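Naming follows writing order (A, B, C and D), and every chain is counted from residue 1.
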Amino acid sequence: MSNKDTSKTLHPKVAEARRDMETGKLNRREFVRFAALLGVGAGAAYAMAGLPNPAVAQDAANLPFPADDPDAKMGGALNVAMQVQKMEDPATYSWIEMSNQTRHILEHLSFTGPDNVTRPMLAERWEASEDLKSWTFYLRKGVKWHNGDDFTTEDVLFNFTRWTDPDLGSSNVGLSSISAMLEEKDGKKVLREGAIEVIDDHTIRFNLAKPVLSFPEDMYNYPTALVHRSFKPPFSDNPIGTGPFTLVENVVGDRCLLKRVEGIEYWGGKVYLDEIRYYNFDEDNQLTAFASGDVDAIYEFGVEQMELAKALDGDIIPARTAQTLCCRFQVTQKPFDDKRVRQAIVKAIDNARVKELVYPDGGDVGENHHVAPIHPEYYALPKLERDVEGAKALLAEAGYPDGLEITIDVGNTDGPWHQTVAEAMRDQLKDAGITLNVNVMPPSKYWEIWDKTPFGATAWTHRPLGTMVLSLGYRSGVPWNETKYANPEWDAALDAAESTLDVEKRTAFMEKVEKILQDDAVMVQPIFRPVYTIAAKSVHGYPGHPTQCHQFNKVWKA
Amino acid sequence: MAVTEIDAGPSVLDRLSRPKPLIALALLMWVPLTAYVMFGGRMDGYADTVLLPAVPATVLLYVLGVRAFRESWVAVIGLSLVFFWLLAAVSAPYLPLLDPNKPIAPFVTPFSEKRDVFFWLGTDFKGRDMLSRVIWGCQRVIVWGVSATMVAYVVGALFGLISGYLSGWWDEVISFFANVLLSFPVMVLFIVILNYLGPSGFNIVVAVTFASAPAIMRIVRGLALDIKTRDYVFAAQTRGEHPLYIMIFELLPNVRGPIIVDACLRLGYTTVAITTLTFLGLGLQPPDPDWGLMIRESAKTAMLWKFSYMLLVPALAVSSLILGFNLMADGLREMSLRD
Amino acid sequence: MSDQTPVLECRNLCISYYTRAGEIPAVVDFNLKLMPGEAHGIVGESGCGKSTVALAIMQYMGKNGAIVGGEILFEGRDMRTMSAEELRHIRGSKIAMVYQEPMASLNPSMLIGEQLAEVPIYHEGISQDEAMARAAEMLAKVRLPDPERILKAYPHQISGGQQQRVVIAMALLSNPRLLLLDEPTTALDVTVEAGIVDLINEISEELGTSMIYISHNLGLILETCDRLTVMYSGEAVEVGDIHDVFDEMRHPYTRGLFGSIPLPGADKNAQPLVAIPGQLPLPHERPEGCNFGPRCTFFRTGTCDAGRLKMRSVPGDDDHKVRCERFEDIDWDRDLPKGEAREPVPAGDIVLSVEEMTKHYTIDDGGLAFMSGPPRTVKANQDLTFTAREAETVAIVGESGCGKSTFAKVLMGLEDATDGKVMLGNVELGDLPVDKRDSETISKLQMVFQNPFDTLNPSHTIGGQIGRVIRKFGVARTDEEVEEIIYRLLDTVKLPRDFAKRKPRQLSGGQKQRVGIARAFAGNPKVVIADEPVSALDVSVQAAVTELLMDIQRENRTTMLFISHDLSVVRYLADRIVVMYLGQIMEQGTTEEIFAPPYHPYTEALLAAVPIADTRVEKRHIVLKGEIPSPANPPKGCPFSTRCAYMIAGVCDTDAPPLRTFESGHKILCHLEVAELEKMEPVIKAKAAQPVG
Amino acid sequence: MLKLILRRLVQMFLIMAVASLLLFAIFDTPDFKKRLAVQELGGFAVSALSEDSYQAWLSERGLDAPFYIRYTNWIGSILQGDLGFSYEKNREVGPLLLDRLANTGILAFFVFALMIPLSLVLGVLAGMKEGSVQDRTISFISVFTTSIPEIATAILLTVVLSLGLGWLPAKSAMIRGFEFQQLILPVLTLVIYDFGYVARMTRASMAEVMTSQYIRTAILKGIPYRRVVMRHALRNALIAPFTLIVLQLNWLLSGVVVVEVFFEYDGFGKLLLEAALFPDVEVVQACTLVAVAVAVVSQIISDIGYTFLNPRIRFA
């Protein structure tokens, strides 16, 4: 849709933001996100920002996908190496891979692109109330299910009701947006009366208990794919979706074959590929599978395989993400209950060096507060300085004048680089008289203790907004708070940030949030790692996504 | 025929086991090495000094070994291969090696220089020196391999003697459980046990014991069954000796001979098993170097001609060690057949 | 006869083996001339190289053997120059061989028929069927029952004796000029042996085949051969006509040999055996000069140890040669070796009495309980009844399967008697397993074993093993005492004291047996069971060990149960004899009673079967038919009925025989009336001296 | 004979029962259940699960029942021919196992097809002339090849034939259906590792036979050497190797694990490893049963073969 259409329905804040941008308070990219958040078609937003719209269609359809490639070739099958898992119930998916298998069949209301910008997908646009407590979604018209039905609010309602059904156990209820629609009833969290109002076939409004900023992002969370109102698990039995592809065969641990749906006209414009074939390979073997020419592209390869990848004939596609490794302390356990000890350890480590060592190319240096530079509300605190002397002093003060021996549990849940980080830390801590024992265990073992061990290296995945992670992981008493960090002051600061829509203001709030967390030294977080994937030269437009989500609508094979 | 009448002096076995110094030396080499690998972490500082006596002991042992084996060049070659690694193992701390866990510069090809360090065998994907990894790795492989085999033998021989000599329902029961274990494919057994106990050197010992003790038990049982028909056992029985005495003093010493050959072979198997298990991710855990681990890591980071050295180095290392064991076994068999 | 070309001639044959210890001369300067139809014996103890000669003639030396000198002429042609192909044509067709162990020399996985047929097929190129026919014929000729069946049988399906007959048949199939027999009967029981020897003799007469008969048993040679070579440690020491050598031996070793085998008339008290002192030198430590020197009573330095000795003919008879420098100096009639006579030891009162002792085994043929059929029982011992007095030697005689070793086991308490009693003094042993016996009882009863090679534990020192017994039986406690006793024992068994520190593998067979004896007597036993203690030893050593055994027995007034199959030894040393067959006592009595009529038919056959190396006696010729039945399914009635010459159909093969007791206490288990038994002729009697022709 | 077979079969079922019971007991630990959950729901999720929702998950999986009950149920279903369900592969174990066994079967077939003739011929050649040059060379080669562990052999072959010369694919995932090309490396690896062993055994037994007295008899009978070897020696010499080869079947089952994993060949071994690590209990169970069955059956076959080849026993 065109700019003026948009401007008509512009959220008041957008105008504000635009002004800010023009007056240079708000940098352009931030504006784009911000606008897009509030329902301006990303294309339009980019236009308003006077930025070249990266790979996103300028056309009126306001499609979330990249622009059509004039010399694209139709047809062909894309072979991808990825773990092939079961497709029981999209609402209870626990792995990205699962969602990727359905991602071309089922689609989401929104779509967070490789550029970490969230755009409308099955929704045409959305509006948020000023207090961010009510969100209105306008569904895209003319979207058809594979069985010919129209995609309507009925489907959306059906899905939300499923997600919020306590017996289903969908992890969606953990999303701030959804949780804000729930209320406690006899021990169970159930959907609040009137939380969802269906306005018409293509308009639906959500009324939230508290302001939620990340609604659109939440809608692209991997278990939020929308299923047909007639849905019964397991999905693989009758895969009805709105996407361009449908399921041919899914053999867990072996292959998952998708082919283009015939008969219905896909809303999302041109789709080049005829087939998408996922072949099961473990993380370790995906690159070798690519090397041996079995597949055209892979899900991911680890940094330790970079040299190998470089030597192969293909395009390495890195994606900047907020995926990270938190070598976090449990602040309730000795010796880490002593803030000085934590600070000493943090001081003794040079994050930049560690990152340099582990992820030479791509990625960002972490600053021990779990907010990544690619997060919109990231506030750049002064760079951390390594201070061995200071560390020693603190240790002495804390009662360890002649050094300290600690052990870190490493599960390599996200690849052997965890271990490399730990080893690098070990080498640096030596200088401060701290002996670090690296206790490596198999991933499955680590998951049994990740929230119990006093000092452990836990991987956190990418989330579009910094606030999302922080409230998930560090608020007092939340289930995933592995640090057992409980600081009312900080919680308050986070609340403030979260309820602020204005990115600039929020960023300002974030300064405090980040600072407190950094000073309390609850973790050593050297790296926001890039994710790497590789595609054959013959494959065009293969996207590298921060959360490894696959969207191959505009991918084509020469 | 006339030849058999000749007294060829003491048998290989005697020559190996009679001179007490030989045994003493063996202990002098083995105990520190084991201690070093198993508890080295816990004896900070002293660790290296512990190994000091082992180095000369190993060298001396090698010389004596060569003299004992001189008649069979096969055995000598085998011995040399094994002792090459043994020597590497005991002297690792004193060799001018880089820290095997310290990343320096990744993917440096062998015999080349990077960051003004010369790498004989290049570096792995993390930039750790292959040479020092191989040498430090052999320490663990050897120690765990040999200890595991030893334990397996003690257990196996014990049950073998009991079921062989006492027979009756002892035999029935023991043999049955031996069969149960034997009818698992070895790998299943390893995988299940290590899975259950969690991967670690000590658990490997347990697993290996479970896996090979039954086989050993069978061998010993067979030998015992044969030996117990000899007149000297008969004599002991008619002397009213206690079965335990007969097992330990009459049977055991004569079982020893045939078993030594088998032991060499089994050392080979165990080493293979350990490497394989680590390769499968069940064995010794990173970060410390280990051949199987090196293979595992390289297999996914270096599947490429120009990096193949990362695969070849550990592969060749483990092959040479096992070749050593097997050649030794062959030589010993040859010699024991001769006398 | 002498103008013919000899079938085989060996000239200065020298054979060596190459081993780690370097070249070892196995046979040195061996000469032999074999005329057609002649049977030549080669006698010697183990390691003297007699088998080596045979294989050399066959040109089959194995990997490490080689003919290093001299030549072997077969019908005038030197075999060493023959090509492999020529050899192949001679082997099996012109020269055939019969081996020591029939079972091992037949291919276990080929039908006997095929193995036989091969020979003519490959040598005469005749058809399969013809060959088979020939084979069947030949089997009949070697008197095998039902040749057709045997043709279609596998070797393991027929008995040892039959196997040997098959091997002989195989050798004769393409009637060879020369037949080599290498200890063809050593592995067989006496009665079976007799049959084979019989067969061989007939064949040589019938076919006129020349034979070389190799054996350690002088008696056999006497029965089969015309001429004889005596070998000692790689050398022929005496060659000549069989009667010359037997009656006028001219070599001290030959003399020694005869002196040390118990001939009829030898008697442990009046005329004890004279052993050859010392033992065979090992091939690589042979002395300078005469190999026999060190053991020779006539040894004289300067003569006997000066360089190689030549064969020299005895004056007046130039095909009687000896390898001795001094045979003229020796007065062969005066210097007959004589053991000094001893006082017979009066037997004391009864020490061991066995009453109706019965031992049955039940064998389950390994199956699950619910599947195995009714358990079969083996009657290993059937009501044995006899007694042994103090200082007395009771011999238990019998062939394989007669149950003597089972009896020993029961006695030693490793098996329980199924029935009956075994009294040692006043202790009932029958159902008293060894671990229930008090150490005194145990120490009263000790055993000397047959096989020197596993009577001692190879991994303990001699001293250790004897010492253990001493301690075990509380003879002494402190190390000094124990050591003292060990030394004393070593002295008594005539072994150097430093043997205490040695390991068994460094001892010769004879020495091992001595240690075994020392061990047995270490606990001052009352009763010693000697299970064929010398049968595995060389003749010259046998005597020494036997004598030793008996000396010790004398001193300690020990009762000895001497288990043996060799009647001549038994006759020599036993006071009383118990003859067993298939687990039953056939006959028992004093030695004289046993060796003189009346006999039990089995005893009679046994006596006839034992070859005697004495030209002055002649034996009645009795050959038993068939083989010893398996103890697992013995014949009904009298166990001996299947082979008995006196078998009374309808009686012997149906009801168990009655026990005939003579007033002397002489007992015979037989259906024959006492009268008939009395009528029997003695088997062995001195023959009126007659010229040898 | 029949008795023996029956005996063995009975023993087999006993062993199966004991083995599977042990496995059940082992895999019953909360530790393993937790790991199952992690595999199922993801690490974060599981640790976030409240205790009772975890219990709910367990009961939904039927894992809450005590193991002996589950064991009896399992036995019951086994007896009805139902091998259970694979959590990991989300599939009936029966067909799954069949697929993988089939793949391993193909592998095994080629391995034996190559290994048997190779090892027998070499073994016989070596054993015929003990101590000769050909003997020493063959023996050395076989010691050498058997000394190189499979994993190393696999690596060497891959490096040379695939990475170096690029003749063969490095992996054998066979994602586009069966490709013989991809089978070559695994087969070679196994053959190279295994033939030496059999060859040596063959050599040993051949050498022993050649020194036996009946061979001497045969030679001294004057029949041609070829016949001595072919007719007299071979049959006796091949008895031991035969039984050995049959028993290799059993070895193969565990031998293939590393090879299949290395080459990513979807066979029994790989399945087993994956299942054990998952831990996919019922698959491990099924695999073990198969393994035991193979072990015992090959034992039986070799016994039968032995008696058949060996008249000493056949007509005992």
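Throughout what follows, contacts are C-beta pairs under 8 Å (C-beta built on N, C-alpha and C of every residue); 3 or more make two chains touch, one makes a residue touch a chain.
Given the structure is predicted, the values throughout are model-derived calculations rather than measurements.
Novice: As a quick test, compute the distance in whole Å between the mean CA positions of chain B and chain C.
Specialist: 49
Novice: Per the centroid of Cα atoms for each chain, what is the distance between chain B and chain D, given in Å?
Specialist: 24
Novice: Between chain C and chain D, what distance separates the C-alpha centroids? Give it in angstrom.
Specialist: 52
Novice: Just curious, how far off is chain D from chain A if you go by their C-alpha centres, in Å?
Specialist: 45
Novice: Two or more other chains in contact with one residue: find those residues in chain D.
Specialist: 170
Novice: Please output the residue numbers of chain A that touch at least 2 other chains, ranges allowed.
Specialist: 285, 288, 291, 445
Novice: When you draw the chains as points and link the ones that touch, which shape shows up: line, ring, star, complete, or other?
Specialist: Shape = other; not a path, cycle, star or full graph.
Novice: What pairs of chains are touching here?
Specialist: A-B, A-D, B-C, B-D, C-D
Novice: Any idea which chain B residues touch chain C in the complex?
Specialist: 1-3, 5-8, 10-11, 14, 71, 230-232, 234-235, 237-242, 249-250, 253-254, 256, 338
Novice: What does chain D use to touch chain B in their complex?
Specialist: The touching residues are 11-12, 14-15, 18-19, 23, 26, 29, 139, 143-144, 146-152, 155-156, 158-159, 163-164, 170, 250-251, 253-255, 257-258, 261-262, 269, 272-273, 276-277, 279, 284, 287-288, 291-292, 295-296.
Novice: Which residues of chain C touch chain D in their complex?
Specialist: Residues 58, 60, 63, 87-93, 96-97, 99, 101, 104-110, 118-119, 122-123, 154, 156-157, 167, 170, 367-368, 371-372.
Novice: With touch defined as at the start, can you tell me which chain D residues reach chain C in the complex?
Specialist: Per the touch definition, chain D meets chain C at residues 3, 6-7, 10, 130-131, 212-214, 216-224, 227, 231-232, 235-236, 239, 309-312, 315-316.
Novice: So in the complex, which bits of chain B are touching chain A?
Specialist: Going through chain B, the ones touching chain A are 101-103, 106-107, 125-126, 198-199, 281, 285-287, 297, 299-304, 306-307.
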